[in-house]
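Think of it as A, B, C and D in the order they're written, each chain with its own count starting at 1.
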Amino acid sequence: MLYHKNIPILYGLPALILVDQQVGGGKPPSIQCPDCLNSMKRTQPLLATARALDLPIIHLQEVHRRELIDFGRELDGQEGIHDVEGTAEAELFSLLQPLEGEFHMVKRRYSGFFATDLDLLLCTIGVQTVILTGQLTNVCVHYTAIDAHQYNYVVRVAEDCVAGSSPEAHQASLAAIEYHQYGAIRSSHELIKELSTRLPTPWRIPSHSTLLSSRWFMQPQNL
Amino acid sequence: MLYHKNIPILYGLPALILVDQQVGGGKPPSIQCPDCLNSMKRTQPLLATARALDLPIIHLQEVHRRELIDFGRELDGQEGIHDVEGTAEAELFSLLQPLEGEFHMVKRRYSGFFATDLDLLLCTIGVQTVILTGQLTNVCVHYTAIDAHQYNYVVRVAEDCVAGSSPEAHQASLAAIEYHQYGAIRSSHELIKELSTRLPTPWRIPSHSTLLSSRWFMQPQNL
Amino acid sequence: MLYHKNIPILYGLPALILVDQQVGGGKPPSIQCPDCLNSMKRTQPLLATARALDLPIIHLQEVHRRELIDFGRELDGQEGIHDVEGTAEAELFSLLQPLEGEFHMVKRRYSGFFATDLDLLLCTIGVQTVILTGQLTNVCVHYTAIDAHQYNYVVRVAEDCVAGSSPEAHQASLAAIEYHQYGAIRSSHELIKELSTRLPTPWRIPSHSTLLSSRWFMQPQNL
Amino acid sequence: MLYHKNIPILYGLPALILVDQQVGGGKPPSIQCPDCLNSMKRTQPLLATARALDLPIIHLQEVHRRELIDFGRELDGQEGIHDVEGTAEAELFSLLQPLEGEFHMVKRRYSGFFATDLDLLLCTIGVQTVILTGQLTNVCVHYTAIDAHQYNYVVRVAEDCVAGSSPEAHQASLAAIEYHQYGAIRSSHELIKELSTRLPTPWRIPSHSTLLSSRWFMQPQNL
């Protein structure tokens, strides 16, 4: 596939999003995803870079309630019962666990934006570019990418840090994302190099005192 | 592709949704969609059947404001400026114009559910199955189907009444929808036959007097 | 205030929602709510009834991330920093803790529907009436009630199981809710009596086997 | 009521929002709002100022479909059938009609953010402060203000350009908004003076050529 590599990689503040990097990701019989484990391992250097640069990092985790009430129509197709609260397969992958200061968000559907506060969080932080990794390319990554696009974010997918239910489905979804944003599909190597070169201004989580002093009615100059 | 044809076609009340059946749909240079015009023409018998059975019919129309302010990131990929308010290409296709009593909804993005009242309307009517037609299979139809699925609707796509930016993209999106709901992809012939056979109870728009009498505080038995 | 008591109390399946019944609810200096503790205690009999009848029960909990990034504009008015993740005041009140089989949902804003999966859950369960309790009448209860109303739910507020930032604000919000749904404001005594009298068909969480057998493609009759 | 007047009035780019400034606004028997007509007239100078300064201006219009299907629970309380598509009372007030280049948005519920693209539009334009006018203070203005607040916007209400179903309800809603953002309630005179003094950089709608040149793949420097 011809990708559009000469387009700038990053616009404004980037955030790294790990989509459903979970233990059971892709394990039969619930879900098929032959390359899941490898793609999770390949995500480590990119995550390390984002951490070194103090970028906002968001871990999405698909979890269905024990009562199975919230599967909706998710069992009407190829996927079996999966990611049930409290089961081992729902756990985040051991090598990609969130650290203090990183964000974690449970979701019930494919898109990370569906019935969650992801857009609210990104918007509050001031993120312009989302860098996506995780599983499955042709489900949660695809629909998180499209919603990010619909919400006006620049979308970048780390091609080697995502994995699909089949090589064909993986490629089709990458092509579908690239259709909407030329230059969206990148290797993690490219992304790491660009992030390191640009030396983005580190994003600092505001301190309590910063936050308090931003309360308008407490600012002496306003009184 | 192997589709799952033995699954029931309809569950509960079905609604017919026409996705962006617009004059300019697929005309270069703004958008490529070689089969658009033909797929629009092939939609006529299905629309006629839905009308004969008095089903809820919803016409979605992608319109971007004249100020071009609401394209968001839509111009970052393959599509050019398209469907601008007041231009001929934004108009609904002449043979599929809404009649009195059918619903019409403007949208700014791909999914018919994104920043619209589509879910609110379907929910109020009591629709369980959405039958999708329109353009493009791999953009607005695909993402409307996925959101319908995420909102718990049964999704059926009239395979010959949708068209994509290329045959490959068309097929890939049909496969992606079928991945989530086995039996989602159907011919319009199948759908027409099933609708006619089942003789669904016609859906009647409530009258003013029905609505008024359902106001609780006016019901004598409640006072 | 004249309330409209002769309107039926319940329509369809009711769910009990506990809005922010948290330890710190209303404790100065973060938030003022003199009657909070008492209203939480008064919620116990209603919760016990809902449990006895096996109704869906949903516990909402306002939690702000430790990084304080998601307060948005919430600190621009009367409320101070509140309900921070990991602090004692963010914990759910000891006498109203969720049991196995009850639902729990974290929210970042006032309305329980804002950036959460509350509507998705209620819709999936098939709830028609929401019974609201919790704090503050004039903030999270008020705006959860209005969103429930906007999403087409019948709204009932247990008047003695909610508490406001002041008696005036409490009354004004009850009046504002009653403006939209006559008969919305009820005593917990009335609600308990009605629930017990109606003997609603218990709502059963579907079992794994029920769920599995509802997968269409597994149903022999469909194959 | 004590309002907090010493807080800055404007932050970033402001937008003027006219909430349901419609002919029938407040006319019995559908809705009671004694001060509606006068508040609409008092909105003219503020609208003129916003136009002179080339601010984004958004006209919200509540319209219910002729089929009455989308009233939801709106008729369960004090309000009667209102703002039906095609009726005179649903029309925008003659002296506050939108001009070319201003935005217009139909809504089905109270909050301007509910099931519309209002947040998407404000976000795309880059608006930080919303200035609210219109009817009714205690319904559509109140809940649009709260949703704006929940979406992180600075909220200002032009106190003399809004009107409620009663003086008490009007005051209660202003107090409820001020509870969340000190300094939210202002006179139109104050707002006009501040807008004129600050001489905000006029907001220009991007031209076709600007928009086209921002397409990344067309920028020579990117190729």
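By definition in this document, contacts are C-beta pairs under 8 Å (C-beta built on N, C-alpha and C of every residue); 3 or more make two chains touch, one makes a residue touch a chain.
Small disclaimer: the values here were computed from a predicted structure and weren't measured.
Contact with chain A and chain B alike is made by C, D.
Counting C-beta pairs in contact across A-D and across A-C shows that the higher total falls to A-C. Averaged C-alpha coordinates give centres for chain A and chain D that are 34 Å from one another. Here the CA centre of chain C is 29 Å from the CA centre of chain D.
Chain C has its Cα centroid 31 Å from the Cα centroid of chain A.
Contact with two or more other chains is made by residues 72, 76, 109, 120, 124, 151-152, 182, 216-217 of chain B.
Taken as a contact graph, the chains are fully connected, with every chain touching every other chain.
Residue ranges on chain B touching chain C, taken from their complex, read 4, 6-8, 120, 123-124, 151-152, 182-183, 216-217, 222-223. Remark: chain A residues 72-74, 76-79, 109-111, 114, 138-139, 142-143, 146-147, 149-155, 165, 169, 172-173, 175-176, 178-184 touch chain B in the complex. Taken together, the chain D residues at the contact with chain B in this complex read 65, 67-72, 75-76, 81, 101, 103, 108-109, 115-117, 119-121, 124-125, 205-206, 208, 211-212, 214-217.
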